[in-house]
Amino acid sequence: MNDIVRSLAEIVGEQYVSDQNEEAFFYSRDPGLMPDHKPDCVVLPETTKEVQAIVSLANREKIPVVPMGAGLSLTGLAIPLKGGIVVDMKRMNKIISVNEKSRYALVEGGTSQGALKSYLIRHHPRLRHSLPDAPPAATIAANVMIHGQGRLSQQYGFNSDMINGFEVVLPSGELCPIGSAAMTSEWYSRGAPFPDLSGLFLGWFGSTGIITKLAVKLYPNKKLRDVEIFVIDNEETVPDVVFEITHTELAEDILIFTQPMPAVFKDNHHVSFYITGDTEEELEFKRKMIWRALDPFIKSKDGGFMSIPPGVKGSLTEMPQTSAARIADIKKGGGFEYSGPVVPVEWYPQCARKLSELAKKYNLAYSGMIRIVAGGHCMMYAFAFAFNRADVDMVERTKKALEEVSNFVLELGGMYWKPNVDEQNMAIERMHPNTRNLMKMIKSNLDPNGIMNPGNWEVL
Amino acid sequence: MNYEEIIHRCFRCGYCKLTGDYDDFNCPAYRKFAFDTYAPGGRMWLIRAWLNGEIQTSARFQEILFSCATCSNCVEHCVFPFSDDLVNIFIAAREEMVNTGILPPKVRDYFKNISTNGNPYKEPAARRGAWSEGTVVESYDGQEYLFYIGDVGSYDDRAKKIARAVGELLVKAGFSIGILAERENSDGNEVRALGERGLFEYLADMNIELFKNLGIKKIITLDPHAFNVFRNDYPSRGAEFEVFHYTQVLAPLLEAGTLPLKKFEANVTYHDPCYLGRHNDEYDAPRTILRAVEGLRIIEMHQSKENAFCCGGGGGNFFTDILGGGKDSPNRVRVRQALDTGAEVVAVACPQCAVMLDDAVKMANLDDQVEILDVGELILRALS
Amino acid sequence: MLPLKFNVNACNSCPTGDCLVKCQYMDVDKDTAREQMIKIYNGEDSFVLHNCVTCYACEEYCRRGNHPFYLIMEQREQKNILTAPRAITNQWINIGEPTGKNRLGQIRERVLSLGFMPELLQMVGGPLFKDVMPSYLFGNDFFCNVVFAHFAKSSVIKERLPVMIDKYRNLGVKEVICLHDECYGAFASLAPAYGIEVPFTPIHYYEYLYERLQTLADEISPLNIKAAYQRPCSARLSGDKQHYVRDIAELIGVDLVHREYQDENALCCGEVMGWLYGYDLKNDLQRRNCDDMVESGARYCIFNCNACQNALSEKVMKLGIKPVHMIDLCRMAIGELPKMEV
């Protein structure tokens, strides 16, 4: 490996390459449950040209290349399954520009969610982007790459829908602009009205190319924001409630949670929705309309609004919610993983029943966390389990529970979100053969040497 | 190892690397080295791996362990219930490393020099009070306050200027102070932070005994590092004295307007020292002092107060220089942040910060653009 | 099985039918009132069982010592008439479930009960409570359970209230100063109504505060503020303590503004209405309540109950009125807290 390390040092500078044991240990794993695989080295590029040079080198030498943001997928998507070079993108963290009138921001391949959030608050307070609840060190490009969801997904779709194009380094090392950027220096479209080539890269976890620049759609940021929680005791009612809320077209985010503790949340399903407004009038109007839309459920006693204590409201309206990260400490063990398939909202009842069944079977602390996507066209249902990393038995039980979730999703016909390798293979097997062949064709043409995050989407 | 039962709880989520508004990375070691292994989460996971035998002691692991500036940004911003103990864990791991006897040379040298000479400069202990020659600062002989200087203020050329300025200022302001000079010992803050528990306890006990014998009940420190260890780590060893940082005793006077000050026109930004700010919650006293000076236009850096970016001198780095130089070294980064405010003066309240930032200004050839001034030096200028 | 002590003869001969005539939510004349109460007593259906909003006021309106509201609660449960959505009812049943996780100070014969209201923990450390602290208790084992009246769950009250009172019995306390109005109501009104023996003397915290303020008279600086008083639903269970509001106000220099919605005519905070009925009733109630405060010239709103405070604080603040709990108001008066400027 030494020659490679030397060549990489020539590209990025000696202090930004490491083949040392310490980096090998840390970058071989993530905070989830997937087994570790050591990289041969880790490299920290600062520019797109450096990324291109790294990928060219890897392609020439047939060495795997694994791009990485903050490594927070929890399903091992940045773990180098076949060794090779881990490319930690976080030095490429600039906010290149913001176009207020057209509402987009141009960022680099390693720019963090937190950096963009703070930048907008300070310099463009009337604009926001769809922030996920992942810790703010998570990168925007990686989140887009895995089709993440955020605060604006209920209104506008997956975070990957909310982009205006990107620049991608192909496995050959060439740089390819995707979207309007292929025609001009303005970033106003991801692909339409031309063939949308973003699909060749998004969702592929870097196995067809590495994103080095990204145009993120921005949306109106209102001055006021509030949250309400509608509580339901019967999981069968939830899809109908979601239908009525989404019909109003007035909610920002809709997040459903279900968990056995603390006692206030026991045995119920909590449909929380957020409303925004520039004035009290706007906010109150939205609140009134959505409350009224849910009147029939209140009347029939099938659901009702709960009072939110002031302290709790602060935690619910935080962005990102720090409580999401703290799930990892429920068992005082720094461990937290979830399988969050994307499924129709109509399947909420089955998913809810499965979650409590598995929690009981494997004696685990759990949380069901659901985000409604695109006005109820689908939802992400996260079966989340907290575990104590130092408790070997608990780790095993968690793995088994998550395996059962994967099987359950397959049976149902759901689609795994940020699937780990095993889930990817299950999906590939179940997939329509023509679709699988199409993926095969794309992968084999783009990455004939199979160097890009190999082990992932192994259709070949 | 102390705290061993909690290190597995780190989720390596990265909140620790950032400021409170997530605007920027605020961990000095991570800024410098850029590998996740140098961030608190990386260090934590590696310590666990080291204790479990999954990785062995190596030069790089030691670099990772000793590059922590103990600035407490991670303590401030980690979202988990054990956040208060993050720096304690790193220090505990250093203690384990010290116990193995295998140390980076610079760390070993530091301990050796303290043991042998009583200071890390290998200067004679007898010359410890030499900085005060020609000043109005007197030897301690029962005055109300001991004015405690510390290693850096006693021996570093730049810091000695600060010791003289603050000493003179305190006397002019009417405080009854005396220094120990050659009787003064190292306070042990850095010895403790670098993991030499035994040496720290020896120094602390020696100092506590000395102060007791001399009847010292109140101490004003020049250096926030001494302030920190006297305030937080000496009481459990039997210390019974009140301790103040010099800005804390001066602030009320400046606020009351009892000192005759001239106008001092300058754009100034204040750099919070970690051991005064995050470690001891003192963000106001130095600012109160600055606000009392007519003509000063105080512009805050975005990364200020509990989000201040460390100069990189803490955790022993001032002496061991494990963080190293280069344009991404914390002191260079911090000077750039200060310049971004349009400041011509960077006010500091710690001699170690002063030296670190001065060095950065020199390395980046910014001498004609910005001046690093200790708060005491600034006030003294406005007095004469 | 703990039957409710209800005297139907008192209803038979009632000359006013005040319980329902004075009801702020139903328009009922005295004959209908009498008729419906008797029907309810007899286990028959009545529009009252479906329209009562659980404001507790009729417990106060009844001059004959009867318990119209508790009867409504009993019969609703008998007939499986739900008030709140099931999920909300169950939520409160879960919240109130005793877990054994309590905080007990040095328990003496006289104890300060914080019930299960965490906000109160910050309020009791100073001179006002020096007389009784550190004899205090807090935790869901001491949850008073009165809230289940809103949910027509007298069965939960009957199950848990005696157990809760037993806990006090086992501590051997003789006097319990109730920092939450509802706790006081549980011991002074609800328990006796069901024949549950209360082996100690409950003291309303207003009574305690008034006495303490008199002892600390030298420390009092008159606050000189105009304030409206927000009367909680639970105050209806202890109408005989209402005079303390004025007594305390006079002692500490608070001008209790005259409001349309005060004393017997007070409006509750409306939060429960939201659970039971949705947006409109709650919004109307809260709007009228707040507008009334503004019109009466109040610059402060005094709260007796932290739940009311959570419900209305933001709303009153937006109208330029400062929310303050009665305990904090007294703390301000003796200089323990800085006076909040509007």
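Odds and ends about this structure:
First chain written, first letter: the chains are A, B and C, and each begins at residue 1.
Throughout what follows, a contact is a pair of C-beta atoms (placed from the backbone, for glycine too) under 8 Å apart; a residue touches a chain by one contact, two chains touch by 3 or more.
As the structure is a prediction and not an experimental result, all values here were calculated from the model.
Chain centres here are means of the Cα atoms, and by that rule the chain farthest away from chain B is C. Ranked by how close its C-alpha mean sits to the mean of all protein C-alpha atoms, the top chain is A. Rounded to a whole number, the gap between the C-alpha centres of chain A and chain C is 47 angstrom.
Here the CA centre of chain A is 40 Å from the CA centre of chain B.
With centres defined as mean CA coordinates, chain C is found 54 Å away from chain B. Contact with two or more other chains is made by no residue of chain B.
Looking at chain A, one finds that none of its residues touch two or more other chains. Chain C has no residue in contact with two or more other chains. Those residues of chain A that touch chain B in the shared complex are 15-16, 18, 20-23, 25-27, 30-31, 42, 44, 70-72, 88, 90-91, 112-115, 117-119, 121-122, 135-138, 322, 325-326, 328-329, 332-336, 388-390. Contact residues of chain A toward chain C in the complex are 231-233, 263-269, 280, 287-288, 291-292, 294-295, 297-299, 301-307, 309-310. If you check the complex, the residues on chain C that touch chain A are 82, 84-88, 90-91, 94-95, 97, 99, 271, 274-280, 283, 307, 310-311, 313, 318. Against chain A, in their complex, chain B makes its touches with residues 8-15, 17-19, 21-24, 33-37, 42, 45-46, 49, 54-56, 58, 60-61, 64, 79-82, 302.
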